[in-house]
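Note that the chains are named A, B and C in the order they appear, and that numbering of residues resets to 1 at the start of each chain.
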Amino acid sequence: MARLDIQNLGPELFDFASFDLAAGERTGYSNYSYWRATVTKFLQSRQAVIALAILGVLLTFTLIQPFLPGQRDPNLINIDPETFRHVRNVRPGAEFWFGTNSIGQDLWARIWTGTRTSLLIAILVATWNTTLGIIVGAIWGYVRSIDRIMTEIYNVLDNIPTTIVMILLAYMLRPSVTTLIIAMCALGWVGMTRFVRTQVMIIRDREYNLASRCLGTPTGRIITKNILPYLVSVIMLRFALTIPAAIASEVFLSYIGLGLPLHIPSLGNLVNEGRQLMMIPAMRYQLIFPSVVLSLITISFYIIGNAFSDAADPRNHT
Amino acid sequence: MTDREVLLELKNVSVVFTQRGSRQSLTAVNDVSFKLWRGETLGVVGESGSGKTTIGRTIVRINEASSGEVFFKGQRISGKISPELDAEVTRRIQMIFQDPMASLNERAKVDYIVSEGLYNTKAYRDEGERQAKVEASLREVGLLPEFASRFPHEFSGGQRQRIGVARALIMEPEIIIADEPISALDVSIRAQILNLLATLQREKGLTYIFIAHDLSVVRFITDRVAVLCKGKIVELAETEELFSFPLHPYTRSLLSAVPLPNPVEQRKRRPLPYDPSQHDYSQTPPLWAEVRPGHFVLGSERELHTWAG
Amino acid sequence: MTENLISVRGLVVKFSLRGRVLTAIREASLDVPQGKTLAIVGESGSGKSVLAKTFVGMLDANGWVDSGSILFAGEDLATYKGEKQWIRIRGKKIAMVFQDPMTALNPLRTVGLQIEETVRLHQGISGNASKERAVELLAEVGIPSPRERYRQYPHEFSGGMRQRVVIAIAMACQPQLLICDEPTTALDVTIQAQILELIRRLQEQHKLTVIYITHDLGVVAHVADKVAVMYAGDIVECGLVEEIFYNAQHPYTWALLSSLPQLGVKGEPLFSISGTPPNLFSEIVGDAFAPRNPLALKVDFVARPPIFQVSDTHYAKTWLLDPRAPAVEPPPAIKHLRTNFGGGAMRA
């Protein structure tokens, strides 16, 4: 910028300028939107975008796979038309893209069906646990008078070994999708409760909440309008992490024989079947494929969950 | 003076906070009593830990008084009260908070923030009336009505504080408790808020309790001042009287420590340290006595005699 | 004529924020006289903290010095790039005391160890010698029973005591310059008086140069020898403390002084500045204060005012001091200060 020649400034410039008071009030419009900033920050993380893409592809594929041409029924025991024998343990090739398992079922179809089932279970469990956890946790955190009794109840529930409860329930009820969901939901929500309660206690006495109390706002509305909106980001994170955890529980239950029946393929079943053939190098593919899918899902959810949580923290919004 | 109405009266109010599970307790407010006359601005000053914020919060029933009573126009409003009286207190006594960044719900629109009290007390007939009230309230504090559809983070500190004032005003209160309303604001914005509060008082006949630690502001805006030290009121007088003739050693120490924005004068001053152990109240508790007209001090008989000169 | 410990010339500091560039400091120039106390006054957004951080190389990661120079002991700090260069200055020759004593100390380590850390790093002594030095420092900043308190953790100290510890850490290596960024804002007024007195005593004993960054004009009146008033990243007025208080020339300084309740008349509205500080993302044409200044001239919107010297030690960047500008009545509070306390060369 060229330096203005001071001597050459016209004398009329030294008159008073008119003063606009209202213009001052309109300044400072900052155009910052919390969600927009969150999304921008999220997209800045390459890992997260890749993970999101992978997950997106997987999900889409599990949903459209049955409708693609030439797909086989996952439970169909394929029989070789020439020899009339079960097409057992065939390595991946042109005919069966992922090969077949020990009784001749198409692994490709089984994996996608299994992923569908596992994800469905996991999402239902996560939704239930999160919802119940938030409701109980928010009330617990906000209403001081019930804190003592709730802490005692929580301590009792928390000390019950969830694994044993899951095993017990899965054992008592007949193996099915519903059983699995019930088993994982029975005590899975307790952890979320404690977490939400802590978060609520942190913001409970901030000035804007005191102001609401001073204005006579009832507790329910304070929780829903003042507190929960602040917890959305941390809750989303927990939700995202609960999904791979649910799948892992399901795999574990399958290991110990309490998983889904074989005619309902799930990642747990598939991993379990594959594990039994692990020592035979030629058959390792039966373990590798479901494991890879499982790993991709788990890792993606972790990365996405963490990236989202970081992005949703206003302190990270530059 | 005595024929003015007593709006609020605190009688021997104490607020004790106990740590759950441990024996430890903190007496934030210790046997505080004072009257609030209609139309005045009463300043409550003290340093951190003096209990001044707690007194304000106890009056609006955010904190509970452990002992003593608070009366509003003769009716007891502390302790357990009927829901109708509680709603009445919500309408008549409102509060403005210190930190404009923390006292507004970031995730709610200004419209909701300002109307929150109206929703709670259903003080409007229909949506149109509610919107009109919000608009009027925003205008009164010098904000544009179009701000109602925006979020708090779009505004500056001074504007946010004014939103807080609008939120309290819309309830049409009789008493507003201002808890350090300007300490978190920039120096040049403080004047805006002070002017606003003064204008509103004149136009609406409001009564203020102004809680502050900044004595120079207190001198400018209040009619009477109560000085708090560790939960007890040590001195209460009309403002000019207090600043010209401070009697209690704590008040004098406090006044001597406040720097004047005047280099020549300021460099002549020396701060007076305050030593709480100079008081010995082990034998007899101190008296709360009117030493000069309208000027009350807390002290033993001997001390009062010495200070009054 | 006292020598200048630090000389800043034409400093420009920029930040990259949300994809755009913000100019936090716009060609500021400043001299810090050795052994004296300089107060930098300004409100939030004025750039005063940023200016102080450039002296110790602690700008946020998204900020940089774009141009200008900061001369200190023969070196230009504006050219410093890496930690290796700053480590010789920071803590050793220039030390900083921050506003919030609660967060300035590590809650997990004892106070004594935190002081020793600095001592060991910069002075190379260790073991018993560094411990003795730490105890010595605690005593020097007025902490009673320093040997016992050496072993305590920050949460066992009150706010004022913690600030004293922070000052002890800053003084550990006997710096030449102590920068205090709002050191007493979070403290009670009686504690504030004690801390200001402590810093004054340390300054006397160690021939320190002190820079105070504050918005409290009372503190400025109490401690400062020289005052620089900042607005929107520029130093708009600078002079000796008496000159700034009793002979202020810039409309922003007038506004700051007039809006003080101490200078207000009860019952009358206080002078206040309308509007908000300017957006530093966009280029500012002319005087940054013009939109909020009822006394603005047309030229204020066109050309940035240059430095006008009022005396050898006092300058202001306002077109009102140009010979062609009309004579202007300052607000009543300023007139009051001038007539009752001003003396020496004054503009009629």
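To be clear about the criterion, a contact is a pair of C-beta atoms (placed from the backbone, for glycine too) under 8 Å apart; a residue touches a chain by one contact, two chains touch by 3 or more.
Keep in mind that this is a model prediction, so the values were computed, not measured.
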item: Chain pair with the greatest number of C-beta contact pairs; value: B-C
item: Per Cα centroids, the chain farthest from chain B; value: A
item: Distance from chain B to chain A - Cα centre to Cα centre, in angstrom; value: 47
item: Distance from the mean Cα position of chain C to that of chain B, given in whole angstrom; value: 32
item: Shared-contact residues (touching 2 or more other chains) in chain C; value: 274, 276
item: Where chain A touches two or more other chains at once, by residue number; value: 25, 28
item: Sites on chain B at which at least two other chains make contact; value: 156
item: Residue numbers on chain C that touch chain B, as the complex places them; value: 43-44, 159, 188-190, 192-194, 197, 215-222, 224, 241-242, 245, 255-257, 259-264, 266, 269-274, 276, 337, 341
item: Complex contacts: residues of chain A adjacent to chain B; value: 25-26, 28-32, 34, 148, 206-208, 210-218, 225-226, 229-230
item: Chain C-facing residues of chain A, complex; value: 4, 6, 9, 11-17, 19-21, 23-25, 27-28, 37, 317-318
item: Complex interface listing, chain B residues touching chain A; value: 20, 57, 60, 62, 86-87, 90, 94-95, 97-99, 102-108, 112, 116-117, 119-121, 142-144, 153-156, 159, 164, 167, 171
item: Chain A-facing residues of chain C, complex; value: 17-18, 62, 274-276, 278-279, 290-304, 306, 319, 322, 324-326
